[in-house]
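In what follows, a single structure is set out as structure tokens and then discussed.
Lettered A, B, C and D in written order, each chain numbered from 1.
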Amino acid sequence: MTVMEQRGAYRPAPPPAWQLRTDPEPLLPDAAPYRVLGTEAAAEADAQLLLRLHAELVRGRRYNTQATALTKQGRLAVYPSSTGQEACEIGAALALEERDWLFPSYRDTLAAVARGLDPVRALSLLRGDWHTGYDPREHRIAPLCTPLATQLPHAVGLAHAARLQGDDVVALAMVGDGGTSEGDFHEALNFAAVWRAPVVFLVQNNGFAISVPLAKQTAAPSLAHKAVGYGMPGRLVDGNDAVAVHQVLSEAVRHARDGGGPTLVEAVTYRMEAHTNADDATRYREDDEVAAWRDHDPLLLVERELTARGLLDEDRAAAVRENAEAMAADLRERMNQDPELDPMDLFTHVYAEQTSQLREQAAQLRAELEAENESDGAAR
Amino acid sequence: MTVMEQRGAYRPAPPPAWQLRTDPEPLLPDAAPYRVLGTEAAAEADAQLLLRLHAELVRGRRYNTQATALTKQGRLAVYPSSTGQEACEIGAALALEERDWLFPSYRDTLAAVARGLDPVRALSLLRGDWHTGYDPREHRIAPLCTPLATQLPHAVGLAHAARLQGDDVVALAMVGDGGTSEGDFHEALNFAAVWRAPVVFLVQNNGFAISVPLAKQTAAPSLAHKAVGYGMPGRLVDGNDAVAVHQVLSEAVRHARDGGGPTLVEAVTYRMEAHTNADDATRYREDDEVAAWRDHDPLLLVERELTARGLLDEDRAAAVRENAEAMAADLRERMNQDPELDPMDLFTHVYAEQTSQLREQAAQLRAELEAENESDGAAR
Amino acid sequence: MTTVAVKPATMGQALGRALRDALADDPTVHVMGEDVGTLGGVFRVTDGLAEEFGDDRCTDTPLAEAGILGTAVGMAMYGLRPVVEMQFDAFAYPAFEQLISHVARMRNRTKGAMPMPITIRVPYGGGIGGVEHHSDSSEAYYMATPGLHVVTPATVADAYGLLRASIASDDPVVFLEPKRLYWSKAEWNPDTPETVEPLGKAVVRRTGRSASLITYGPSVPVCLEAAEAARAEGWDLEVVDLRSLVPFDDETVAASVRRTGRAVVVHEATSFGGPGGEIAARITERCFHHLEAPVLRVAGFDIPYPPPMLERHHLPGVDRILDAVARLQWEAEN
Amino acid sequence: MTTVAVKPATMGQALGRALRDALADDPTVHVMGEDVGTLGGVFRVTDGLAEEFGDDRCTDTPLAEAGILGTAVGMAMYGLRPVVEMQFDAFAYPAFEQLISHVARMRNRTKGAMPMPITIRVPYGGGIGGVEHHSDSSEAYYMATPGLHVVTPATVADAYGLLRASIASDDPVVFLEPKRLYWSKAEWNPDTPETVEPLGKAVVRRTGRSASLITYGPSVPVCLEAAEAARAEGWDLEVVDLRSLVPFDDETVAASVRRTGRAVVVHEATSFGGPGGEIAARITERCFHHLEAPVLRVAGFDIPYPPPMLERHHLPGVDRILDAVARLQWEAEN
């Protein structure tokens, strides 16, 4: 019998039981980035928080300039500066509790340092002495991640695992505008939403992926609009407004901790320096654009608010500056010392237990090193 | 000089030049799937179109049942039936012009057949005589694609290439609800939107990815809501309403052809049979659910409209049925013949020119086959 | 603890039992993948696990292999021990970046601070009449990735023992399950199953004096059959089941070849750039002066895996193995 | 047609010139990738192409490698000839599913109806002080994938010629560009550049009688240096530059080893499961009775690529090559 032959009432039913799974409305971001500094709401910003953010921003900026200087001296293999993006880096670090986890990308050394990680150990990757210079579990900072967006599913898995274990830990994962184009971004956000994992995704939209401007990266109204496609809230924030970033991230972290699931935050910001010291930004962008953003410098915004409220006198400013200089001096000094490296470490951490293949190769290298030492000794 | 020391007007400027790149509003899908059959709009549906859709649906259903029967007789290695989803398959096939391209998934043999591809050649993959039994360029039907969502970037590239060549060709790419979770789905949609490529993405949301229900696949309000995150329109349609599917796809195809760029269409439908003949759907869903959808059978919807309008008399119905039976009989007969296969083909198409390595291996197989033949001959 | 007393058991059942026992013994073990929950996996290996241990311990994930493995990395970072299923060999490819750049390197990257005790189960190989993408033998990719263990069972008992050992390993293991042996049966007592400890030991499945067949996974039964057939030709073949491709048991393999003086490496994976090259090279490096003939390889042809109707021409079978043995320059001895 | 007269030219410049000439000669050629347009690529290989040929012929894509290669597949389906750049070796991994399941198989899948004339340029290898993920040698993965050609130049002239031939090929070519040779220079006339025809021919870079060094890409200059140094030890080494790993030039390689009777395979990729195993096995199969010693391998250790400060210990250098040559059982001859 074909279906035709089944007679029955003409029932104009919609597909059975179909309905929107969630209300899209509250998931959609506002049409303009959320701002505090320079608006009336700034008056309500807590003075202590402002001062703290200011000190961290000054220190952060100094950290960026010092690290870039170290590349010129050959003390760093490469440095992707976050100058101009410090409000995002600091905002991310300060939004988290100690038990929370940070998943930084290669550009986010500063967020790790602002969380309290030793600046020299944070630079291990970029200096080239080892891939990660710290114990991620000790600091709850995942390794600085280079393959774009690949750290995002890690953040989801970790947050999910924590929740399964009954721990109220939140993971904050950082990625660039370019990174949102990768499949891993999509898969991570989807897993997070389906699992309702306590994760906050922070996209620093700094306008470029190396030379590629945002317009060649996406046609979306904003990157935050991607959130609705996963069923999580999308939030748009002025990434140079440290107070706004801190507020939005703190709320998203709280939401996640309270079992509300993940949030996607797009922070609109700008990369003031080249992609890395090895890049030449004049090949792909005009000085005008950079100059326009200089007026919107994250440091400037906080300083002006502090100054307007009379919270930043010369003494305080000097103290902040000195503290930053001291950090820079320490960094310089320690980075100028050659690290002690043991080539035999090459074989130590590949597996829990060395395979016989690796034992053979380790023996070969050890013999070579001994021979080198001997001939060095003989030469002396 | 720190930034602090640069004095200037307190400019409460937003991030320079920032604005939404497109208006999200028109990109968002409606809250309920678009329907025609069973609504007042049905009265306006063209009678010829209705009759054509009806004939194709009957033929399509018959094709599905016949193919499934062939698996039981060992004539097909496997068959993923599109029973219940015929409106999507037919709608996709009929929305396209001859110069357009179809990118089917493994479940979409029917769409290819409805486009005019020889049913036997269309089953080559599932029968196991070769991976693709037809020349995709001749029919403008890409190979039935098994790795989920991987055909979507192909559709984008092809559509983009056509546009670069000045051809007004549109590509329609089909994928399942499960496939939307893959990174390739995301990357394809993003490329399409950025390139404004003439592509239509048709997601057949049939409620399941094998055993996994949609709720474990996504938390999005609907799959069509993903579109806004790429800056393309998302459309939601009742996938069992052949008229609605045909309308929505035809519009999306026209929009693409006119340079309007891609559209994401979610067709809400249901897989009435198991995932494939090898699957046991009773392990993961209740008969009730299946039964509810039986009342929303795509064939039923069209038949009732035709009957209500007095367009389908017994003669017409019988002719349609006979036509479908003739197709099935032909399919049965031809599929019951063993295909002629040449094992040496294994080496012929790996490269344009055989490598010396393949020549050696081909020689080995040839020798083996000759030896086999000889001993067969000797045995005879 | 329900005991499924199955004697004889299939390899699929033994694998399921290994997962069950691992879940029961260690609360940090989590099984995850496509259709592993309610359905019990397309090969039913995970049948009953979600019911017994709940959806959080045996989870149907969204359909995205990189996401599955990537989230497993995060779970491992938090101290869990994920057991991930890739539904078929070719569907593991989307997860390669996570596998190569993270799973295999995280321990080394962090100087041991962050091990990756992840087991990645991959049904692999052909011979089941599967359509395209369902019969790949991808072990060469895994072998070329330092930081991974690569393990594959050939018997019912090993399926259990090696999987338990893999899950217990503090390093990532790509656990390759020979699809066509899922239904192979053996007398096996699920109440006193033996684990294999440690990973990385080959086993001589059949002793012989004439030549060594070095093989693994789905090709082990084929080689044993070939060895039986070879008796008619007067050859007494030894069959070595590698069980673990990484680490590689040089000792057992070299000892066998030194004894026999001749070797054929047999596997389904394509020949060029496949596992056999490495194996033959290692044997030659270690046993050169014991070899009467070059180490030969019987492997899949250097072609994409064929459609079902042609796969028998591609797979290394008894005849092809015997042909290779015949080419081992016996005249040199006689 | 602007002529950039650069003498001597770097390998990077020769590659750029090859792309330029291909774009000029064939309107179906399209260059695409991350930063290949405005910036001219992070290694400046595509410098000036977008300006000369427009954004549609040399396109900055969104940042997604699977998307890049996947759309290239679609473009090839429509008759274009995409030349895709993967920014660094390790960033090609996200594209592996597209590469293995589609690029390598589409011709075969469609019985030749749908060839894939795609060239995938991958800067590879170490020695440039790159941080993690910027120095991988992933050729083993490509070699193990039937349907791909795998090509790698070692000289400025070959960079041009092999790239032209690769783009002209009707089959997909993974074109591996040795990063640390980008700045290597040679006298080279861009106005009469020579193409290499056909792909798949190795070349003897230095003739010698004592032993053959079989190598490719970044290790070719190292082997030539080693051969010079070996003269002091009384060894006259032959150096074979493979240029193409797939197809493999068995003839040239076997002829060399038959002449010398000894061989060392040298490459940066890790040893276990790396290209050397295949190469050594092939040589042994073909030259067994000519070999005075087993074919040895000098390769990267079986470890994830090390951080910059330690990479010199990992890379095969002159000393390690000479050590291997010394182990070629010279007593057998003397």
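To be clear about the criterion, contacts are C-beta pairs under 8 Å (C-beta built on N, C-alpha and C of every residue); 3 or more make two chains touch, one makes a residue touch a chain.
The shown structure was predicted, so the numbers you read here are calculated from the model rather than taken from an experiment.
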item: Chain whose mean Cα position lies farthest from chain C; value: A
item: Chain pair with more C-beta contacts, B-C versus B-D; value: B-D
item: Intercentroid distance (Cα basis), chain B paired with chain A, Å; value: 39
item: For chain C paired with chain D, centre-to-centre distance based on mean C-alpha positions, whole Å; value: 31
item: Separation of chain B from chain C, taking each centre as the mean of its C-alpha atoms, in whole Å; value: 35
item: Junction residues of chain A - those touching two or more other chains; value: 130-131, 147, 181-184, 186-187, 190, 194, 216-218, 345, 350, 355, 357
item: Multi-chain contact residues (two or more partners), chain C; value: 61-62, 64, 66-67, 90, 93-94, 97, 101, 105, 108-109, 132-133, 146-147, 246, 248, 272, 302-304
item: Interfacial residue positions of chain B with respect to chain A in the complex; value: 2-4, 6, 8, 10-24, 27-28, 31-33, 35, 37-39, 58, 61-62, 181-187, 190, 193-194, 196, 214-222, 225-232, 238-240, 261, 268-270, 289, 292-293, 295-297, 299-300, 303-304, 308, 312, 317, 321
item: Contact set on chain B toward chain D in their complex; value: 130-132, 135-138, 142-143, 147, 150, 152-162, 164-165, 171, 183-184, 186-188, 190-191, 194, 345, 348-353, 355-357
item: Sites on chain C touched by chain A in the complex; value: 30, 56, 61-62, 64, 66-67, 69-80, 82, 94, 97-98, 101-102, 105-115, 146-147, 149, 169-171, 198, 200, 246-248, 250-251
item: Sites on chain D touched by chain C in the complex; value: 66, 90, 93-94, 96-97, 100-101, 104-105, 108-109, 132-133, 140-141, 143-147, 246, 248, 269-270, 272-282, 284-285, 288, 291, 293-297, 302-304
item: Contact footprint of chain C on chain B as seen in their complex; value: 77-78, 125-131, 146-148, 178-179, 181-184, 209-212, 216-218, 279, 283-284, 339, 341, 343, 345-347, 350, 355, 357-358, 361, 365, 368
